[in-house]
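One chain, subunit A, appears in both complexes that follow, with subunit B as partner in the first and subunit C in the second.
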Partner chain A sequence: MTAVQSTPGPAQAIDAPRSPYRRSKPTRTNFELYAWLFMRMSGVLLVVLVLGHLFVNLMLGDGIHQVDFAFVAGKWASPFWKVWDLSMLWLAMLHGTNGVRTIINDYAERNGTRFWLKMALYVAFALTVVLGTLVIFTFDPCPIGADIDASALPSFCPAR
Partner chain B sequence: MARETDATPESTAGAIPSFDVTVRIRRYDPEQDESPHWEDYKVSVHGTDRLLDALHIIKWEQDGSLTFRRSCAHGVCGSDAMRINGRNRLACKALLKDLDPSKPITVEPIKGLPVEKDLVVDMEPFFQSYREVMPFLITSGHEPTKERLQSAHDRERFDDTTKCILCAACTSSCPVFWTDGQYFGPAAIVNAHRFIFDSRDEGADLRLEVLNDREGVWRCRTTFNCSEACPRGIQVTKAIAEVKQALLTRKV
Partner chain C sequence: MARTLPALPTVSGPTGTLYRGREGMWSWVGHRITGVLIFVFLLVHVLDTALVTVSPQAYDAVIASYKNPVVGLGEAGLVAAVLFHAFNGIRIMLVDFWSKGPRYHRQLFWGVLAVWLVLFVPFLVRHLSIIFSPVEN
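Then we have the complex of A and B:
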């Protein structure tokens, strides 16, 4: 009556039924919240910035025929357009990159694929943003220097 | 067959029209099949029959190996959610005459959860995310000596999300859930919503913290699949949006 009852255990080779479902670790940050909010706010700003950009370039003045090197040089002579184009570049790149990031998260099925796709995305983002920012800040239509061929400069430069 | 003899006395006046329908079921027997395959069954049914009745005829009279879940058979227990003609519905609430019986009616297990046999899926991932949002009353302080009273207005706030029967029709209709099953899913968020907006509950912050996760409400793409799939007509996407709003303003 008091004999210890031995419970028959499952065979060693068989997995325990319903092994626990593996969830990824909780993140405990507000990153996704801010990313979600950023998408909405940058979206609204981009509508204004991009439509403004298209209107000024393609509708005002001579329209599409005015866009040439001199036109761009003229626009970037003013700090207003520098700031406009810089914010357009950064907002569009962040907005687009975050959008593609969520698409990768939604559609990539393996963690490895997800990681490498996102790495490629971030490298493309960094290259575009660095190059674009560099051009906006260092753009000089009339560079001055000894090794510069004056005849190659645009016609509106004083050195010519 | 027994069914047909039952029907003959009625076939004079006020008879229920009966018709033949082809049910195309996604069969999978893990002990024999390498992968799931379609199989057609022809059944003679009445105009008042639901898809569940057709499944019963198949199981009881044609192929006893057909496996599916059902308990109450009246749209309350939430056992028989399946993908019917490509849409998640309860088999016990889908009338055959509404499913275009002129064409084969396709029946598949709900997507995104591992299939165990035929129409039976492993619901564990679904229930695990349900448990993680703590779907129970959290309070502090002394127990009241009578019921925890609540005004009709306060009750109204979360009335819609109390209707959930955990059938998984919404979660398994969500494209974000299909990918890797890590997303908490509409059902877990609906059940979190039910307590987050309950004036008697004090655990809203805990639940909001859980749903602020990478796999939480921010993975919702508002495709409205869940709202369309819900057999109880819960405005699921709206509930998710309200949780998002509560997270943004930290106010419930």
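Then we have the complex of A and C:
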């Protein structure tokens, strides 16, 4: 460990007044600054995306009672809601993951614990973002097959 | 020449900094708890939405549990958390970027609670009337 405070020897154990004080070693990049800024910029966008999502799915129409496969198919028939959900997925996951990373850094004091908690967090991030993205891009509003109950399909499907 | 310093405001309880005690600290505690809660919900939520690629019945079966009144109360709790986190997030940005933000951070916090109440109460009335009515099918 390199000393970050200037303490040349026992005779001068106390720093000179106004000598620079640092809590940790300086880092080479501005990552934390950009992360801080990202939390704020994504926050502004998430206000619209998440509150809009909740309003359309819980307040309009029949609220939670309207939500089923046909409802999702109706929304994802439009690229507008696909782009909406994709942006919301990525922004909320990046924002939430960075937020939880901060919290882990705050509370997990042992190096090993901190490292493994963050690894688990990053794995959860990657799996969730990949899955959510694939779901939006591979969604089929009119699946066909013996095991598909046609009455659950949206009204625009030929099988109905 | 003797100089007199302006008298410091006296308040009871620990205060004096932006984040120690009172509004500044409680808004931070609330922001942290709601942030983690929404994040955990989101992980589960992406999984339940992914069922649309399994089959329509699989998705509808799991979404049926969202229509249960007890789960519905949980949804109201989630919305309460999202509303607090969203508007307190705006308060944080105002404290950071608006020149008068730090001076008015307490008033801003009470403003957040006011906006929260104004939006949450109408939501709750509508959502409760939906979850306690029979599901049509």
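Methods note: the second predicted complex is superposed on the first by the 119 of 160 C-alpha atoms of A that agree within 3 Å, B and C clash if a C-alpha of one lies under 4 Å from a C-alpha of the other, contacts with A are read in each partner's own complex, and residues count from 1 in each chain.
We take it that contacts are C-beta pairs under 8 Å (C-beta built on N, C-alpha and C of every residue); 3 or more make two chains touch, one makes a residue touch a chain.
Computed from a predicted model, the values in this text were never measured in an experiment.
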item	value
Comparison of subunit B and subunit C by subunit A residues contacted	C
Contacts of A:148 with subunit B and subunit C, given as first, second, both or neither	second
Contacts of A:138 with subunit B and subunit C, given as first, second, both or neither	second
Touching partner for A:109 - first (subunit B), second (subunit C), both, neither	first
First (subunit B), second (subunit C), both or neither touched by A:35	first
Subunit B versus subunit C as contact partner of A:124, first or second or both or neither	second
Footprint overlap on subunit A, where subunit B in one structure and subunit C in the other make contact	none
Contact set on subunit C toward subunit A in their complex	32, 35-36, 38-39, 42-43, 46-47, 49-50, 52-53, 55-57, 59-60, 63, 66-67, 72, 75, 79, 82-83, 86, 89-90, 92-93, 96-97, 123, 126-127, 130-131, 133, 135-136
Of all residues in subunit B, those that touch subunit A in their complex	122, 124-125, 128-129, 132, 175-176, 179-180, 182, 209-210, 212-216, 218-219, 221, 244, 247-248
Touching residues on subunit A, where the partner in the complex is subunit C	40, 43-44, 46-47, 50-51, 54, 58-59, 62-65, 67-70, 72-73, 89, 92-93, 96-97, 99-100, 103, 124, 128, 131-132, 134-135, 138-140, 143, 147-149, 152-153
For the subunit A and subunit B complex, residues of the former touching the latter	18, 20-21, 23-24, 26-28, 30-33, 35-37, 102, 105-109
